[in-house]
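Quick heads-up: structures coming right below.
What follows is chain A paired twice: with chain B in the first complex and chain C in the second.
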Partner chain A sequence: MSEKLITEEKRVFMTGNEVVAWAAVAAGAEIMYGYPITPQNEIMHYWTRLAPKYNRKFLQTEDELSAGFTTVGGVMAGRKAFTATAGPGNTLMQEPMSMAEAMRLPTVAIIQQRGGPSTATVIYSQQEVTMTTFGGNGEGLRIVYSTANHQELFDYTIKAFNVAWKYRFPTFVLGDGYQAKMRESLTVYDPEQRGIELVKPEPYVGKPGTPGVDREPGHYRNTYNVEEELYEVLQDYFKDYAKMAKEVAEYQAFDTEDADVIVLSHGVVSRGAKEAVEQLRKEGKKVGYFRPITLRPLPEDQLKELANKAKKLLIVESAQGQFAKLIKDVIYGSSAEVVPFFKPGVGITTEEIAAKANEIL
Partner chain B sequence: MELARQNRRVNLVDLDIVEPCYTLRPIKKQLSEQNIHVIAWETKETIGLGEAGNVIKPAARWALYNEGDVILDIGYGVEGSKTLNLIEGVDSEPNLRIYAVVNISRPMTSTVEEIVEYVKTLGTIHGLINNTHLGDETTPEIVQKGAKVVTEAAKVLQVPVIATTAERSVANIMGIHDCMGNMVRPLDRLMPYTLW
Partner chain C sequence: MAKVTKIMLAGEGGQGVQSVAQILAEAADNEGREALYIPNFGVEQRGGVSIAFLQISDERIGAPKFDIGDIVVALSSRAVYRVKQYVGENTVFVYDASIDVPEEDLPKNAAKVLAIPALETAKNELHPRVFNVIILGAVVAATKVVTDKAAKDAIEKKLGYKFEQNPKLRELNYQAIDKGMQLV
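So, the complex of A and B:
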């Protein structure tokens, strides 16, 4: 039994779900809690194949509510715990993840989006953006990465554990059925060999010593009797989140300096958007590319700057404006015109994006 | 496609029905035009079905009763291999051969030990096919490395290596045989057109 899954960097060919399982092992995840749902099933399948070899654990629960709450419990016991789900499973997962928001628990959840509402379809969709970014009740605070390819699925799954445990906010990696099922090459590596320090977990409960005598008692709450107390707790959370946001927000951009039209996209759709912008630039068209990698927190300063510099923002997504809603909230009052290009739950090609950008130039 | 070019009657059966992502549906017409009898759903036939529409086509259940060569495409490893239970005549067809297609760039089958362990979970297997590649990044060296590992695994499993497969431009560089003496079969990649 080898202690390390990855002993040297290598190019491999994997499905996105397989990548997530490998990344979770590489990140030092100790236990996965899960309930099957397409298109995330193979994360569980591959994790359960790897887990016994590397002394990791797995618990299949009776539904996603339980999978979420057991992930919460695992984290409270000081384990790097994670779960994965999609669609209606993600809907059920929101209650436990909301509890994680209330108690500032570093849960990690991989969401492989499927079409909706309800059971709907299983492959191409970006229709879980609203739920994954703002699915909790009250003032839920969380971190959401949206990946576009297998290398990013690997990199950001590792990062999700680190960011969650460093800042203590529930963290989500948002993929989709295409990324989950598609096979693609990527480089797998041991993060520590690359100088990435893995943040060590620590228990919230069951710490040594007597509470109140040897240490402060742990008082982790998701309920308050007095409104003023909740208000006060939330103010501190908001401050922590605002401080964290500047350090965590990530994006990719090119050719935005002189662009009349900037194509905004995220996740799998940004693959087509990138190619479309590159093609149009070769034709001498003033088009730029911007893609938030974190959907929450968004790179707000950069978005506002773009929205006051470009003439038009073309927002492309495989949903009916869920991503656009996030962007419009940030850039409210800016001068650029927002042009939507929404195809909910279906694929969007490079050609379609290029044609739409050409039309509005 | 090679068999079809020899004017043999080829039946290609889509049995990749466990959580499929790649499917023969989008290239069914293209393959039919090349003299291949494709037994697969068409997208319009699956409209109205539920999640993924992965119901076995009745013609696929009886596929072994077709005349000529019958090629069953089964995906999804261990669970996929159970799909064979749905096919009529599996136990009585003397000519049925089951081959495991192995890519050593896939981490679960990257070493001799892993391949042996994996293939043993699939049930009866009559041969291995070395299909080692890295998508668009494939080089002859990558395929040859696969040939060595897969041939070694085949020895342990006591089954033959049926062939090494490689995209046509790579296969042309490699020649007729790989470094282990296995026949090289050139592939024309249709996969980019086969996403669900």
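So, the complex of A and C:
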């Protein structure tokens, strides 16, 4: 049994689902809990192929509720645990993820968005943004990375485990069916060889010693009898979240300085947005590009600045305004006009984005 | 911005268009170029039109799908109707000569329309199983997006274990590529 999957940096060519499985192994994930659903199935398939070789584990549960709760249990036992799901599976996953928010558990979940509502398509969408950022009964105390390519899928899956265990908020890598199924090149690496320290997990329960004598007792609650008690606990959570947000929020931007129109997108759609903005700039058009990498927390200061500088923000997404809602909430009261370009459940090409941006310039 | 070659392959499930796209993508990747291949998949396992989007370039590739292809290949009559929308004035449209589609239903706006007797050649001269490899050869010749050597190496990588057991298969596949290149 070889100890490491990746012993040196190398270029590979594979599907996004395979990338996630490799990244989870590289990140030191110890166990995956899962239930099959397209388009994330192959994450499980590749993980189960790799797991026995690298001394990792896998449990297939009876549904996504159970996959989520076993992930919660794995984390409480001090294991780097993760799950992956999509669409209706993500819906079921909200109940356990809400518990993870309540108890500040560093679960990691990979979401490969498919069409909705309900079974809809197994293909692609960006319609799980609202659910992944603010799902469940709670306050959206989560970290959500929206990736755009296979390199990011690898980088941010590794990062997800680290930020989850560092800040103790449930963390999500939000991909989609396109990223899951397409093949492109990326460089895989061993994170420690690159100087990325892997945050060590620790058990919440079953620690050595007598509680109250040798150590503090562990009180992990998702139930409260008194309103004020819940309120107080949440105030502390919000403080932690705000502090974390400044360190965790990430974005990419270019050509925004003098731009009249800024194209705002996230995830795989931002690939086309980037190309469209580059093309229009070559034609001398004043267009800029902004893309939040984290959808929770959002890079709020930068968004507000843009929204007071540019004339128009063109918000492009494969959903009917789920991403736009997040943005509008942040930039409320700013001067820029918001122009929607929504194609729910459908891919958006470079040509379409360029045409729309041109139209509103 | 580097030139991106946009290739679309469409056929009936089981005709092997996804394998062709994957082999071409891997051939390009092996040459150190950038490739992005995405299958268009639905809930059905077989039946229905299967479409592959493939882009090859010297630089990183943008959106996974595109509006207009440089080469659009249709291997069944249903596929012709399905992919017509991806044909533009610079598109080379390739279809199998055996397809029964009225002349007026073929795309009229293409730069070039090519009917190639791939199915017939496979049946009569080689083996029906290498039908898609003939198509692969045709795409290589029409786009020059990878060399025939790179395509053969990629096939070797994918099917090498089968060739070990039966070297005649290797010869058959290589012949199919060469044949496909001659048809264009």
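Note that the second predicted complex is superposed on the first by the 360 of 361 C-alpha atoms of A that agree within 3 Å, B and C clash if a C-alpha of one lies under 4 Å from a C-alpha of the other, contacts with A are read in each partner's own complex, and residues count from 1 in each chain.
In this section, a contact is a pair of C-beta atoms (placed from the backbone, for glycine too) under 8 Å apart; a residue touches a chain by one contact, two chains touch by 3 or more.
Keep in mind it's a predicted model, so treat the numbers as computed, not measured.
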- prompt: Looking at the combined model built on chain A, do chain B and chain C fit side by side or clash?
  reply: clash
Message: Let me test your reading of the model: by the given contact rule, A:Thr349 touches which partner, first (chain B), second (chain C), both or neither?
response: second
Message: A:Asn358 in the overlay: touching chain B, chain C, both, or neither? Say first, second, both or neither.
response: neither
- prompt: Looking at the overlay, what does A:Val122 touch: chain B (first), chain C (second), both, or neither?
  reply: both
Task: For A:Glu18, select first, second, both or neither according to whether it touches chain B, chain C, the two together, or no partner.
output: first
Message: With both complexes overlaid on chain A, does A:Arg49 touch chain B (first), chain C (second), both or neither?
response: first
- prompt: Regarding the shared-chain residue A:Met182, is it in contact with chain B (first), chain C (second), both, or neither?
  reply: both
- prompt: So, does A:Thr130 touch the first partner chain B, the second partner chain C, both, or neither?
  reply: neither
Message: After overlaying the two complexes on chain A, where does the chain B footprint on chain A coincide with the chain C footprint?
response: 13, 38-39, 121-123, 178, 181-185
- prompt: Hey, which residues of chain A end up touching chain C in the complex?
  reply: 13, 38-39, 121-123, 149, 178, 181-185, 268-269, 271-272, 274-275, 278-279, 282, 347-352
- request: Could you pull out which chain A residues touch chain B in their complex?
  value: 11-15, 18, 22, 38-39, 41-42, 46, 49, 119, 121-124, 177-178, 181-185, 188
- prompt: Inside the complex, what are the residues of chain C that reach chain A?
  reply: 1, 22, 25-26, 29, 34-43, 60-68
Field: chain B - residues contacting chain A, complex
entry: 19, 21, 50-52, 103, 105-108, 110, 133-137, 195-196
